[in-house]
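In structure tokens below, several structures.
Here chain A shows up in two complexes: once beside chain B, once beside chain C.
After this line comes the complex of A and B, so read on.
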């Protein structure tokens, strides 16, 4: 009897497991068809020469050899890393600042939250066009206000900073909303206890807020870094291929676009994509190792 | 209350079913999709389609516009999956790629029942060339043709007391006028920026040089007349009266011109009507002139203007191929080309109907000197293209940028030359 109950139980458990599979099937199938299969295809394409209209010829590692010998490619890799260095730390810091301000007791909180989130719902192309006019060296409002004559978009030393400014501005709202959710999960009793103990606001920030929000901060950081490595539309809109500073700002994805869709060399383009995926993978692994030192999962 | 979701679900399912049935053509007519990229020409294309469907009531043509930047990505994907639109525009940059891969229907014999020499009788050699594959057969019916003109600001010429440009002008006249205008008004003169069709290609052919040799194979970048002309063009930016490439990266010559900051730039005839419409305050303040000639060409007359043209193409494996070919056949007739011209869409390719294009300009208070466009076809040079060009053409602006940034001129020209030639020999 005991045995019979066991099998009956496991049959029920199995049925439940089957249902579990059915429930996640739409997502799993979607991932396989829309993400994994294209990735496999991209990997294969990176070993091929594109002859035209979907016809490929296998050429082994030739695309990778060409890529690693190309100075433009290494420049684009460095540009991408440089872009991440410029945007991620500062962007996270500002997002956290904004999130804390929006979490404070201020009037019109809903209004400010909307304002900060607005850049996220604007089309990147339109946003960039407006920024281009702001940064225009001759007629832009920024140079007029500062009384300077900085070639924001065409000086090879400045252009990356310009792009970073726009990128940070566009993303603050989104990151801040995520961090805000993290901040709101922190129980008020911690702060009350800290106030009774006489801890200053700065101490409270470093001893309570930062550790408590660190899991969210970690997730936001990974997402921000991934999207920064993949930066394309912003730079594409900001800098045209006749811009004298184009080589100083061209990211890996920009190079990929030009190889695959302008020059029609999809094999080479795919090799660049695979390289970028590896880059993201390595960075993410390091982040997961590093998180043990600063991310706090104790509630 | 509990029944409510079911009712909603049923209603939703019904709506879905209804919308699905709407997709099928249940009216017994043939529905064709006509894909184009220029929204300014939609009405002209629609007028031509209406003329066709008036005679063939069992055909419905749906004109669809996709922006230029998306057009080619979409079209290539469609060609790969064998779902090309029934008929579509083809550009010189792309026709060889599509035609040589067997993606386009051969239209060489399309008019044999009317006149075996239809194309040569009614279309210029350049128009036919722009619609031909590498094998010399035609894969599109010529649609329009264009050339490059000099656009100038009359008020700035008046202020500097310089006579307006005319057909006697040479490069020297242009640079002298630029200097005078700059000295007198502080405005820029001729705005020379990094561009092929609207820039140095014209100078190269005026000087007797070439970008691709007469067999459309090997490049000519290191050929003396070619490199001399390109160098001349690049060096124009060293003058005070010409903005630098950094300036042009932010402000296009067209924007500068129509903001009344510069006095002259090269513009394609296809943009003239839109410029009249988009800048109503400036109508009457500017006009067009022939491109200035090279004063001492290495060979030839010193005159040249790059002329391109589009064509109408039909997919080679399309199910509606025969009907689509019949539509395209109509588009190539005098009647359809005239409709196109009068709509202002573009200068018709059909010989003798060119001036119908002027009709579209008659609504303005000022009439541009459009004869310049028509007369310049005598000096027209076919848009540069070859089967291998698409593999290296995206590198050209980059190399030009190196030169504008002060890179060694001859070295960069040699690089371009080798790059372009390497694809010819490897094929």
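After this line comes the complex of A and C, so read on.
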């Protein structure tokens, strides 16, 4: 009887497992077709020379050798890292600041939350166009306000900072909303207990807020870093191909676009993509190692 | 050590929601006072006003001789134990207990001494390096108490500290908190909605409803002489039985007509008060243990149908129906009546309480 019961149970379990597979099948198929297969194709293409009309010739590591010998590639790699350094820490800091302000007892909280989220619902192209006018060296409002004559978009020393400002501005709203959700999960009683204990606002921030919002902060940081390494559209919209400062701001993805679709060298472009994926992988691994030191999962 | 005095204290939240309209209360030094009442009665708000976590709309709050309306929580020399304990989850037990002392810049060796002293008193020494999530509910509760203890506060504030514990642990912690009060000799203000906690722990109980103090007295007085229907119904478990009764006078003696039966009222009752109610309907209250379930052949006052008999071990709680009046009677476990039977009931007339039907205020006990 025991054996019978067990067989019956395992049959039920098997049925449940089958249903599980059926339920997750659309996602898995989607991932395979839309993500994994293109990745495998890209990986293969990176070892090939594109002959045109969909024909490829296997050339081994030649694309990678060319890539590593190309100063423009190293410049693009540095530009990408520099862009991350400029945007991620400052962006996270400002997002957390905004989230904390939106979480405070202020009048018109709903209005401000909407205002800060607004950049997320605007078309990036339109947003960039507006920013280009703001940064316009001749007629831009920024130079007029500052009383300066800075070539925000064409000066190779400034253009990356310009792009970073726009990137930070565009992402603050979204990141702040995520962080706000994290902040709202912190029970009020911790702050009340800390008030009774005599902890100052600064102590409360470092001893309560920061450790307790750290899991959300970590997720936001990973997401922001990944998207910063992949930055393309913002720079493309801000800085045209003909801009003399383009090499100072050209990211890896921008270089990939130009190599693959402007120069038509898909094999070389694919090698850049694989390099970028490796870069994201390494950065993410380091983040996961580092998080043990500062992210707190105790609740 | 400190007394606490509320003088015409009002608490109104934005949107004109008045939770406490006019509170006057004095809590003596070293006293263990329980604020009790149903949800939303303003007891927690009152406690939080003492802590400084809620602003006072008007009136004055004294801790000792000092008006503390505008004094920050940290400067009130109080400690609070929260319902959810509010232990910092990322800190060890040691750091949780030491946190307040660290903020007060107490020297490290003194912190260490006090933390270990509190941990020893609360049997937490072996848990000092653990984080709260690795502790049981009772252990977390003790850490919360330890955190309050080390600061040597003048006033201990406890906001429903046992409500997250299971029944067995709650009983144990009840005794532990009472012992702590005796040992620390500090003013304790304890908020609960559990009347058993209120009855067993406090020197004095303040029963609140809609932000208004209903009665402020010792547990025994509250039980024996409730000032109105609300207090009578709130204190005691199972709660007091209430039935409509008409007061009559026969010669010098007063009687109450209940369910068609005449019940003599105890001569000790206030005759002056009763005289005003002759011929009027009042509410008669009697506690379950003050009604005896007797054999039908014996002298009895009422007869009622047994609807449910709950065996509690040492006794049976009989739920009865007496002409539409629902009664609960505590009978010995040897009682022979079963569900569906008609039981004969004899009231301990000296334990009867009478209340005005309109104002719900006690007439006589």
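Following the convention adopted for this analysis, the second predicted complex is superposed on the first by the 299 of 299 C-alpha atoms of A that agree within 3 Å, B and C clash if a C-alpha of one lies under 4 Å from a C-alpha of the other, contacts with A are read in each partner's own complex, and residues count from 1 in each chain.
Heads up, the rule we're going with is that a residue touches a chain if its C-beta (ideal position, glycine included) is under 8 Å from a C-beta of that chain, and two chains touch if they have at least 3 such contacts.
The structure displayed is predicted, hence computed values, not measured ones.
*Asks:* Given the alignment on chain A, is it a clash or a fit between chain B and chain C?
*Replies:* The answer is fit.
*Asks:* Based on the superposed arrangement, let me know which partner A:154 touches: chain B (first), chain C (second), both, or neither?
*Replies:* first
*Asks:* Just to be sure I read the superposition right, which of the two partners does A:262 touch: chain B = first, chain C = second, or both, or neither?
*Replies:* After superposition on chain A, A:262 lies in contact with chain B alone.
*Asks:* Once chain A of both complexes is superposed, is A:240 in touch with chain B (first), chain C (second), both, or neither?
*Replies:* first
*Asks:* Please indicate which partner A:66 is in contact with in the superposed arrangement: first for chain B, second for chain C, both, or neither.
*Replies:* Touch status of A:66: no partner.
*Asks:* Per the contact definition in the header, classify A:190: touching chain B only (first), chain C only (second), both, or neither.
*Replies:* A:190 sits against chain C, while chain B stays out of touch.
*Asks:* Chain B or chain C: which reaches more residues on chain A?
*Replies:* The partner that reaches more residues of chain A in the superposed model: B.
*Asks:* First (chain B), second (chain C), both or neither: which does A:199 touch?
*Replies:* Only chain C; A:199 stays clear of chain B.
*Asks:* Give one of first, second, both or neither to describe whether A:211 is in contact with chain B, with chain C, with both, or with none.
*Replies:* A:211 sits against chain C, while chain B stays out of touch.
*Asks:* Which partner does A:137 contact after superposing on A: first (chain B), second (chain C), both, neither?
*Replies:* A:137 contacts chain B only, not chain C.
*Asks:* Which value, in Å, gives the least CA distance between chain B and chain C in the superposed three-chain arrangement?
*Replies:* 37
*Asks:* Could you give the residue numbers on chain A that contact chain B in one complex and chain C in the other?
*Replies:* none
*Asks:* Quick check on the complex: what are the chain A residues that touch chain C?
*Replies:* These residues of chain A touch chain C: 187, 189-190, 192-200, 203, 207-208, 211-212, 296, 298-299.
*Asks:* Where on chain A is chain B touching in the complex?
*Replies:* Chain A reaches chain B through residues 52-54, 132, 135-139, 151, 153-155, 239-247, 258, 261-265.
*Asks:* Report the residues of chain C in contact with chain A in the complex, numbered from low to high.
*Replies:* Residues 51-53, 72-75, 78-80, 82-84, 86, 88-90, 99-100, 103-104, 131-133, 147, 151 of chain C touch chain A in their complex.
*Asks:* Spell out the residues on chain B that touch chain A in their complex, using ranges where they run on.
*Replies:* Result: residues 73, 76, 79-80, 97, 101, 103, 193-195, 245-251, 390-395, 397-398, 400-401, 404-405 of chain B touch chain A.
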